[in-house]
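Same chain, two partners: chain A is paired with chain B first, then with chain C.
For the complex of A and B:
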């Protein structure tokens, strides 16, 4: 019942925070959020699962509860964790706590509602990463959208309504496509499945798949269509070029803590779902579509990085660089080797921490300068040395500096992709790797102009050192990034253990 | 003879960990400490030096060390040669090469730390904790790079020294130029490292190992693959070794500032002079060449890769030396000289002259650190003036600085018997004997030889303009004094620059038939050695033919005479032009060449154009495309549905009669449709 406890604490915490007075809401929400963070850390140390959750693995913290019988299909409350989902859950709980802490300075209206929504998101995010019944999973998946829509739409910047609606409608339409495709698949599998439990569906897919034609479409084509529809559905969430345009708008308008969660966790929902559905249930289609997907990955990396290079708004730079980084994850997944898929999963966690750190740093700068434009400031290192020091460290983390987590993620992805089976895999890999040069270009350029050089600020504000509660979460993230960079085996072992069955047709 | 974990080698990790501790202490407590963090740095590097000497002595006693200490990441692979498991780990390899380099790095780092006490602390500088912390982190990374036992670990610390270089070049971040130079240095070397990383990934994917030494190394695996005629990634094994070797070379060219990625180094002089001495002359820039030496067995398998190394080296040696001739800033002269000297090392390596390359690497580390620190002392004397035309006559006012600087200059110019002569001569001799059989190498040799003249010229132009003649400004009349912490490192390095060449007197050994080429014995396994990493092993593998003019001794004397003669000619030319009481600029004599040289052959221009004239507009075009076409399509879809709904909503008139009419019309349409479908008509 550990997972239920995590979700329940966050949900009840959300309710309590909603009714709490504004002035204590921030501290209250932070205190509450420490509980799931501590619990998930304990779960991390007590983890005894092995194998893949969908492919006959031994789950940790598993629990079932009969729920609804829908004709021949049963729907049950079914949650559990394996080596892929556990690190993501831990990252989520930690990032939520830190995001709440980093909200103390910038959020100064309707605090109780704001922090309530953050805790509500946290509950749903934990649900997304731990649910193993499709319906339960889908409820959490959709429920994440609403609080995020409100966080952007209520506490966001000047253009917040446009950004919030675009985010909501775009990702929701995509979910609809994916949902329709998946339901069609379940019906297509016929008698092979009797529930919406994801392991059962995965098992049916891996051992046999769709046997007879569905809606007059032959099984092979049908499965391929479902694969494509689901890929597109998740691609918007990741986001993959060309479905990425909601992301920069949402990031620029979102308040800092929402950006932290959006880049840190929400994007990983897309890649996590890709891994759980497309890359676990459709091994044959993965092979068929390897080259086009690898091409999409390379385009995401390079095109995303080029877009980042053209920006002058710090948040837009980090937003586009997320598109680029998620391209690496897709490349790792499509490699379909242990290092590739394992590296992609590692990169999800690593990018969550690093992009979280970057958005926090940009937020801390914005708190004092009230601008994010590269052209309106310079020499900030002079006034806020510690915050800038962490920003510089975070930027190098983003560039994949060795002994920080990003390097392990990227290196293992590159290594895994280089030896992939599909045509011209080494060439695709080498092309995608050029991202490491462009990322250095745009981040160093931005650093040179904003934090170095003679001190200058267009907006008329007094810049001083950031308060401790702004800097402390950044220190925590930096420490985690370095810890995972020096000792990646902390999570990489359990990840590869859960990845193996995917690649070996269900065997450990 | 690979030792086990016991004995002195179990203390080897401490060599790198001392400076890491200094980094943490200076960063956290630097503000509270006396001397702002200098003391932990000095003690840490002193300890590293002592431990390095201890390791050196142990290797001299016949033992070596190769041990995996920590597994970083591991997993299953499918490689071209059939390996199924790979473990990326941190391990140490202490053999004659790395033991020698550990001593060089920790010695120079120690001296630079001491020098910093006089150079940085005296000036009321803020940010000293940051300076010493970065210096500590650098020393840690560099030492870890040196005794890394595998290619991935080497790459990781190779990148980390790049970070430290960035931080230290940009130390004076409040200026506009320093952050810009720092960015350029990191970017240009990153560009090289991009190829390096592809090389690492390719080598690991091919052979399933990244180890430098032992039976499990990628060098041995490559040798086996070539012997067996294996196909690797669709290429025959030798071609693939050449390709991957050249990819790794990308990183070498970036870090060792070889053409065409040399442009960052002159800009890097924006950093404090101490940093230039340690990082941008003696150690980090050496990392590239050191890497070639470290995996020389791999390059030895590919004559094509070696020839490219030699040619790039020879070309860079000449190319950079010509630019050094017209510089007015003392540090700029030294920067171009550094690029040029690393060209010699590459030339030496490329022709299979492993000993010559390493010999020059060592000598250069000492005499160039000396020259940079000497220029640092001059800058102190001159109250932060770096233009040589504003100096003059410092000889009598600062004799210790002068004589040590002169020792460095003589070594750099390659005047007998100073250290640079012996190593440069050996490089050129090795290039000549291979060149007599291989025309490409002969061209590389010719360029290297010609560069000797320019080296002699710019070196003594610098010495004469700075120290000789009459003082040309008031500051030069009455220079600032320098303390012991500046003088002591100069004296130590001055002695080394003068004497260290005696460890490998190859020409004398040949002529007199004496066994005095100690460095060669050292690298050849006369003391401790690791199987497969010795000079004669490399020498057997390199497939170059060697030719002689007359006998070997004649060729050697001819080569030595030629390079010494050219060096003296260059020095003499500088003497005639600049060793006068009131020297003049002789730039008009160069005509149009002066403009080209002054502008560094327009190398910066085209690279800046590549970044700002090509990539940036391309990025802006992509951005425009993204906003208009891609996002336009997204907004278009929503616009279309909004437009559609605004049209459809007009039927909601609110009049019951209209609705009733619609319902009836709809019902009829439905009936008609069903009827048509059901075949009623």
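For the complex of A and C:
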């Protein structure tokens, strides 16, 4: 019942916040969000699961409830956590609390609605990472869209309307593609499945797969088509090049806290779903399509980094760098080795923390300077040493500085990808590693121009120190990043424990 | 238990209660003509609708109409089988009475200051009586009579704003097309009668099965096509959908809600019952040479596509909703398109579920338009700009309706569309034409998101115009909208019983 408690607290909190007066909404929402954060931390310490949730693992905090009987298919409320989803849930609850704290300064209209929506997103995000019935999972997956659409559309920047619609349409169309493919797959499996429970479907896929032809398509082709459709559906969410164009618009226009959640958690929905569906249920197809997917990953890494290099808007730089980082995650997944997939999962958490930190510090700078243009400011370190210090630390985390979580994530991904079985794996890995050079290039270049050198600001705002509630969440994130960098085994052990069955279940 | 010690005709209680309410309203009107006691009139109508709803729900829960093999009290046949109270009938009575109750409550404010109060409410309740009777009618004659009982008050209701050109014009158009389609429908009945010699639905099936209609295949086929035409009118499906945007736009908004939700559902119950009971697949194919599912496959695809594409180009919110309701008729037609000789209760049940959920979300959306008309803010998307800053509750509810209509989780509309899609894909394993239907469903859902979210955008994201008067909070309209919104959401955890009732009704019908 712990997962239900998390979701319920966030949902009820969302309702309470909706009707609360604007002036207390921020504090109220923060207080409420501390409950799921604390609960999830407790769950982290009390975690007793092992193995992979989809492949006969022992789930922690599992619960079932009969829901709908639809013909011969049963749908049930089915949630549970394994070593892959638990770290993501903890990251979600912590990031949501911190995002709420970081919105106190920038959000100054319709606060109760804003914080209500953030809590509503939190509830759905927890649901996405814990649901193990496809139907339940899909509800949470799609329900994230509406509040995010409103967060961008109502509280966003000047181009918010365009960005919100683009975000909504891109991700929703992608979901429909994925959804259609998956339902077709369930029918294709025939009598082997009698429910939409993901473990049952995974089991049927791994032990037998689609046996007879479906809709007149032979089983092999059909499975491959489903794999491709689902990959495309999730690829938009991740996003990988060439489906990334919604991302910079959405990130740049979104208010800071929404960017934090977008980059920190929403992108992870895509990679998490890829891991859960494509990379767990289709071991053979993963092998077949390894080279094209690795190519997509490498292109995302390099092209995303090049795009970031070309930007002059700090937020855009961080946004494009996410495309590049997600490319690493895909590379780790397609490597299909323990270090590759484990490292990719670790990188999901690590990137969530680091990109959250980056967006927060850019937000704090924007709060006081009212500009994000690299060209309009320099020498900020002089005026706001703490906030800028954290920005620099975050940038180093992004570059993969040892003893920060980014290092462990990227190192294990590369390590795993070098060992991968598909053709030219070392070449792809080497190319992707070159991306780190570009990352360092654009981040250092941007930092050099904005925070160092003589103080100069084109806008005439009085730059003072950021208030504690702006700086505190960044310190927390930095502490987590360093903690995971120094002691990655905190989560890496449970991740590899959950990842191993995937690889053993496949042909590799 | 009490339910089945009552006389047999008591099984029609939901319809009878509605008829009684209509008569009581007439009585009130004759005692105090031109009464404008809105509380009394709307209250009476609402109590009648709710009582009827309660009885229908109670019957369903008590197992009235459920076949005895499923642990129920058995299907009840009345007047030698002219009427039949089964799960399907009760299910649609529930849909109709829910919509009626919502409409009546909302009309309390909408009709403030209107002259024909008592007439309005009694017409609404009588039309609802017709719809509830349609649900139980089991012979082509009773179906036609009940259908006319539905249609005639509807014509008057559309035109009830007598000083409003749009309303009167819409009423006339609706009447003319309605009269034409009734004529076609009744001609279709006569042809079917000519071919089979009977009017009761199960007898028709028997005659066909015994080979009594052999040699009249062409006649029977033509009759079926004509029946299909009458149904297409009632459900606002292609090719008889032209009246819908005009009538919905001109009619008072609560009546638009009534027509597009309840009246459409009544059309569908005819379609479901007539085609399943009287013309069972397989046997009918041998006589007339083709399976009628082909016709429904085409109709479903064309209807949903026409509705959605037309909706996407509208500037007027009510017209957009009217076309979207045509699109949703296309979705519900999938229920018939997906049938096959050996089953299809999944897709049929999904269509039933969709009509119930649609009863909440579509009614709610039209009632929001009624609210906007009450406020007098205007009719186009732009006129709705920024309403959320002044009326967040109603706009929140409207966002729920629109997202639900678009089929976005976590709202009710997602469920029924999901099941329709699932059902269509399952049917596609037997009939590959259903793949096209499933694909059309997905494409249209994606497209519909465009125009629904456009309205959400207008309400929530656009800035309000500088000058807009304070907006009132009419109790009745607000209550109806909020209830509809809450139901659209609450149906999510409670979908188990709904799915059970719908698939039960579909199973009894298909097999």
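Simple rule for what comes next: the second predicted complex is superposed on the first by the 505 of 508 C-alpha atoms of A that agree within 3 Å, B and C clash if a C-alpha of one lies under 4 Å from a C-alpha of the other, contacts with A are read in each partner's own complex, and residues count from 1 in each chain.
Note that in this section contacts are C-beta pairs under 8 Å (C-beta built on N, C-alpha and C of every residue); 3 or more make two chains touch, one makes a residue touch a chain.
Treat the numbers as computed from the prediction; the structure is a model and nothing was measured.
S.K.: Considering only the touch criterion stated at the top, classify A:288 as touching first (chain B), second (chain C), both, or neither.
M.R.: A:288: touches no partner chain.
S.K.: Can A:63 be said to touch chain B (first), chain C (second), both, or neither?
M.R.: Neither chain B nor chain C is touched by A:63.
S.K.: Considering only the touch criterion stated at the top, classify A:150 as touching first (chain B), second (chain C), both, or neither.
M.R.: second
S.K.: So in the superposed three-chain picture, is A:74 touching just chain B, just chain C, both, or none of them (first/second/both/neither)?
M.R.: Once the two structures are laid over each other on A, A:74 reaches no partner at all.
S.K.: Give one of first, second, both or neither to describe whether A:437 is in contact with chain B, with chain C, with both, or with none.
M.R.: first
S.K.: So in the superposed three-chain picture, is A:187 touching just chain B, just chain C, both, or none of them (first/second/both/neither)?
M.R.: So A:187 only meets chain C here.
S.K.: With both structures superposed, pick whichever of chain B and chain C touches the larger number of chain A residues.
M.R.: Looking at chain A, the partner in contact with more of its residues is B.
S.K.: Between chain B and chain C, whom does A:164 touch in the aligned arrangement: first, second, both, or neither?
M.R.: second
S.K.: Who does A:454 touch here: chain B (first), chain C (second), both, or neither?
M.R.: In the superposed model, A:454 contacts chain B only, not chain C.
S.K.: Where on chain A do chain B and chain C both make contact?
M.R.: 169
S.K.: Which residues, counting only chain B, touch chain A once they are in their complex?
M.R.: Contacts found on chain B: 71-79, 152, 155-157, 159-160, 163, 166, 170, 173-176, 178-180, 182-183, 186-187, 190-191, 193-194, 197-198, 201-202, 204-205, 233, 611, 615-616, 618-620, 622-623, 626, 630-631, 634, 638.
S.K.: Give every residue of chain A touching chain C within the complex, in rising order.
M.R.: Those residues of chain A that touch chain C are 66-71, 73, 110, 113, 135, 138-143, 145-146, 149-150, 153-154, 160-161, 164-165, 168-169, 172-173, 176, 180, 183-184, 187, 214-216.
S.K.: Once bound in the complex, which stretches of chain C touch chain A?
M.R.: My answer: residues 345-346, 349, 389, 392, 399, 403, 408-410, 414, 418-419, 421-423, 425-426, 428-429, 432, 435, 438-439, 442, 445-446, 449-450, 453, 457, 460-462, 492-493, 495-496, 499-500, 503.
S.K.: Which residues, counting only chain A, touch chain B once they are in their complex?
M.R.: Counting only chain A, the residues touching chain B are 166, 169-170, 242, 245-246, 303, 306-307, 309-311, 337-339, 342, 379, 381-382, 396, 399, 401-403, 407-408, 411-412, 414-415, 418-419, 426, 429-430, 433-434, 436-437, 440-441, 444-445, 447-448, 451-455, 487-489, 492, 496, 500.
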